[in-house]
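Two complexes follow with subunit A in common, the first pairing it with subunit B and the second with subunit C.
Presenting the complex of A and B:
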C-alpha cells in the first residue's frame, strides 16, 4: 500500500479523487520510480478504548496535574501507596531526587567564598556531596561574573524548572536535614574482582588488610572516603571528647587537608613552569618541554612514548570512548 | 646517507600534529624513523581562563638526543632549524638569518631621477 498523507479536511478528498483520476493515464508513461505515487486520502484516526479513556481522564481528573503546584514543587500523580517524590505511581523504584534551590546555593557560596569555610566543612555540615559543593561554588562564581558584566541570565527558565522539581533549602545557623549521603565511595576497579583470601581466624583482618589484598598500593576505605576527618571526629566523640571540641578539631583538620592539597597543586604547577622553556615571538609563545625519548620500552611501544606511535591504531575517534574533557583545567 | 631531523605529519585533517623525528633523508615522510625525539603541535592554543588573546604553541623535545644527532652530522630541515635555534633557551643551532639589516623601502618611481633630455 502506498504511504498516505493525512489531510486536514475530508472536503479535499474529492479534489484528491479528481487529481488521481487525472493522474492515472500518466502512470503508464511515468518511470517506475514515480509510479508509486502518494495517496492523498486522509488517514482514519485510530481510537482505542484505552486512548478514549485517557483523553477523558485528561479532561477531568488529569487536568489537575497539568500545571505544577501553585506553592512550588512537583505535581505528581500520587496515590495512597506512593510517596510525594514518586513521579510514576506504578514504579516505586523511581524516586525523583531533590535539587538545591536558589537560596541554598547562595548559602553555600556565601559560606565558602565570604566566610572562608572549607569545602569539606560545608559539605559535612549541610549534607551535600563534596563535588556538588565545589560545582555550586564554581557555577555561582560564573553567575556573579555574568551579573557584573551585565550579561543577561536565563532567570525565567531557571524559575520554571525549579517550580517543577522537588527542591531542598537550608536554614542558616541550625542543624539541617542532609540533602544526600556524603560518604559514598567511588568504586575502584581493583575492588571489582572476586577474591578468596585465606586468613587465620585468630588474626584481625581490618580494612587496611582488605585494601592490601586487592592491590598492594590501594588505600583503605577509611582513607578513600571524601571526608576521612569525619571518621576521626567520630572516634574522638566515642573517646568522650565534647562535641564542640571534636567539631573544632574536624574543621581544623579539614582546613589543613585543603591547604595541603593547594600546596601540592601549586608545587606541581611550579615544577611544570620550571620544566618548560618559553620563547616569545611576535605572534606566538613557543613552549618547549623537555622529554626523554629513550623511554620507549623494548619494542618502542611503551604507553607513555613521546609522539604518535607507528603501526598502532590511534583510538581518538573510537566508538564508545569519551571524547569530551572530563576535568576542569 | 644523509640523516635529517625533520617533522612527520600525524594528526587529522585540518588538525596537524607533528612528530620530530631523526630519519634517513630519502625515506618517506611517515615511514618508521630512526628515532622520535619530540613532538610539535602547530595549532596555537590559549591558556585556560586567559582572555588576553595571547596564544602559545607546544613543543616537546629531547634536547640531549637532538644535540647528539647534530653532533654526528644530522641536518635539520628549515622548519626544525627555526625551532632548534630559538633564542638562548633552546639554542641548539645558530639561527639562519636571512638578512640582518633592517629592511628599507624600495625607491618609488617618482624619486628616480629622470635622465635629462637635451633641450634644443
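Presenting the complex of A and C:
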C-alpha cells in the first residue's frame, strides 16, 4: 500500500481541527476552503416526480390562488362541478356564507345603540339572525372601547379578510334582501320520533295539539320560533290591518317581550343578591348563602349539593380527571 | 402528542387533508378526487367505515387523541327548519292532517322527462360537529390562525381570552354566546406574510444594537404619544361600557417594553463578555456575575403592572455604574444611554425633525393633498415596524384566499380579532354548517364508525 499523502483539503481540515482544540469557539468555525471538493458544480436538490408536479402546479394553476383576487371576493378552488361559493370541491353541501361588512355592522350598532331599536325589530327588518344582531352589537362595543382607549385595531387584517369573503351590505332606509333566514325552529329531539296518535277525523288537529302529543310540556312551534311576533303581524295583515299599523304593533310587541325578558333577568339577579350575604375583608369578599342541609336527595348524594358528604368521593383534585372549565361566566 | 409530532403534517405522497392554510394542503385539496368508498363490493362495510373515518379524522382535529374525540362524539345531530311566518299565519297545522297524515299529496307529474330529486337535509355531514365547539378549532374557523395546531399554540401560550378571561385550555368547549378574543399581534403574525430572511429581523435587532438604536426610538415615541392621547380621551369622557361586552377598564399602562429590552440586552452583553474570558479580569467577572444576578429580578419587576419606566431605569443606571468596568463595558454603557432616550418625548420629536427634511405643503395641489392624506392614513393604519415578528407593512400570507370562509355559527369582528360563538352548528335543508372536505357518503360512513359501541 503506497504511503498516503494528505491532500490539500484534508490537510486544511486537520489544521482546523488542531486549531479548534486551542482557540475559543467563535473562531473555530470551518473555513470555506475546507469544503472544496473536486467538482465545482453544486449538487442538484433532491426532487421527486410528486414534488416536480407540485412546483409545476404552483407556477400554473396554483398561481391563481397565491394572491387574493384583485377585484375582491372569494377565490375558492373549483372543479367542473363545484359552485363559486364552495370552498371544498368534493363537498357541495358546504357553501361559504356571506358575512356582514363594516358598514352593515355599523348600521346595526347605530340602530340598536343610538336609535334604541329592539334587537328583534332590527333582526326582522334587516333579515339578520337575532343572536347575530346581539353579537354584532357586542363586538362593535368592544371595537369602540378599543378606539376610546387608543388601542390599535387590526385594520389591515380586517380589510384583507373582508375582501376575500363574500360580504353583505345594507342600504339604510330601503327594503333590503335578507342575509339569512331568521325564523328558524330548532328541531327538538322529542319531535323526531314517530307517533301513533289516533284522533277523530272531525277534529282540527293543530300545531298546539301536535306539541302536546309529543310531550306534555312542549310548546307549540308558534311559540318556540325566535320571532313569534312576526306570525302575529302576518295574522293582523291577513285580517286586513294596514301595513303601518301592523308594523307599529309588531314593534310594540317586540319591545314588550324584550322588556319582559330584561325584567325576568333583573328579578333573578335581585333574588340572588338578596340571598347572599357579603362580607368584605382586606383581600377577599366572602359570600355566604343559606343552604338547607336536608336537600341532599334520596340517597344523600344529589350532585349539586354543597359540602363534603360522608362516603361520597370528592374528585376535585384527583389526578387524571378532566378539570377544564365547562363555562366562563 | 409524540406520534403526531414525529409525522409530517403535509406530505405529497399519500396525502391527508388538514386544517391548515399551507400551500401543500391547498394542492392536496385541489387534486383530491372522490375516494368512491362503497361504490364497489371489494371492501367490507368495516373496511369502508375504517377508510372513511381515516380520511375525515386526518382533517378534523388530527392533533386530538382518538379517545378524546370518541368521548366528545355525539350521535345527536342538530338541525333547524325554516318557519315562514306567512305560512304559519295562514295555516294552524291542521292542513297536515289531510291525505295520509303529512299533508295533501303532491300530484306526481308522470309525463315529465326528468324528476327533480328532493333536496335532503345532510345530517351526516354533521358527524364532526362536536369538534367545532373546541376553542382551538373555533379560532381556526374564525380565521385567527393559519392552522388548528397554531390556534392551539395560541391558546396554550395565553393569547386567547374567553369572555374577557384568559383561557389556556384548547379543549375548552365553547358555549353558545361565548366571545373569544385573540391577541391581534398573534393574529397578524399567523395570517401575515413572514419576515424576509435578509431583512431586519427581530433577532438581528437584538444582536446588533447600533443598527437598532436608530430605528427603535422613533417607534417607541409613537407608542408613547398614542398612550398619552388615550389618557387624554379617558380623562375627558370615561366611556360607559357594559361589563359583559368588554374587559374591565385597565389602568393606563406605562410601556415597559423598551426598558425590558434594555435589561435583556444588557444581560446578554454581560453574558457574552463573560464567555470571552481572556480579556476580562477576575474582579470584573465577579462584578458582571453579580450584575446578572440582580438583572433577573429587575426584569421580572419591569414585567409587573405597577412598575414605572423611570424607576427601573434609575436602578439600571446605578447598577451599570457599580459595575465599574474600564474597557469592556463601552457598549454596555451605550446601550444604557439608548434605553434612556424614549423616556423623554421632546428629544425623540427633535430627532424625528432632524430625520425628515422640511417640505412645503403649499406646493401640492388638491388631488395631491388628498393622495397624501390617504397615504398618511394608510401608513398610520399599516406602518412599517421592524419590531413586529411579521412582514411590515402587513400583507396577507400567500395562498390564504382559497381558505377564507367564516361558518355561519360564528360572528367575527376582524378589527378587534374577536368572535362570538352564536350557537352549535346545525344542518338545514340542502346544507350543513360543519366545514368538512368530503361529501355525504364519506361522512355517513365515518359517523357509522363512531356510532359503534366498543
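Note that the second predicted complex is superposed on the first by the 221 of 329 C-alpha atoms of A that agree within 3 Å, B and C clash if a C-alpha of one lies under 4 Å from a C-alpha of the other, contacts with A are read in each partner's own complex, and residues count from 1 in each chain.
Basically, contacts are C-beta pairs under 8 Å (C-beta built on N, C-alpha and C of every residue); 3 or more make two chains touch, one makes a residue touch a chain.
Small disclaimer: the values here were computed from a predicted structure and weren't measured.
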Touch test for A:329: subunit B only (first), subunit C only (second), both, or neither?
both
Given the touch rule stated above, what does A:284 touch, subunit B (first), subunit C (second), both, or neither?
first
Who does A:190 touch here: subunit B (first), subunit C (second), both, or neither?
neither
May I ask you to decide whether A:213 touches subunit B, subunit C, both, or neither, giving the answer as first, second, both or neither?
neither
Given the touch rule stated above, what does A:158 touch, subunit B (first), subunit C (second), both, or neither?
second
Have a look at where A:149 lands relative to subunit B and subunit C in the superposition and call it first, second, both or neither.
second
Now for A:180: first (subunit B), second (subunit C), both, or neither, which partner does it touch?
second
Most subunit A residues touched (candidates subunit B, subunit C):
C
Could you say whether A:76 touches subunit B, subunit C, both of them, or neither, answering first, second, both or neither?
second
Subunit B and subunit C footprints on subunit A, overlapping residues
329
Contact residues on subunit A for subunit B in the complex?
277-279, 281, 283-294, 296, 305-308, 310-311, 329
Can you tell me which positions in subunit A touch subunit C when the two form their complex?
24, 26, 48, 50-51, 54, 57-58, 61-62, 65-69, 74-77, 87-97, 99, 105, 129, 131-132, 135-136, 138-146, 148-158, 160-162, 164-165, 180-181, 183-187, 189, 204-210, 221-222, 225, 227, 230-235, 237-238, 324-329
Subunit C residues touching subunit A - in the complex, by the definition given at the top:
12-13, 23-24, 26-27, 29-32, 34, 76, 78-86, 88-90, 92-94, 96-97, 122, 125, 143, 162-163, 165, 167, 169, 171-173, 175-179, 181, 184, 187-188, 191-192, 226-227, 229-230, 233-234, 237, 239, 241-242, 244-246, 250, 276, 278, 381-382, 393-396, 398-408, 411-420, 422-423, 426, 428, 430-440
Touching residues of subunit B toward subunit A in the complex: what are they?
10-11, 17, 19-21, 32, 35-39, 44, 48-49, 54-63, 65, 83, 86-87, 89-90
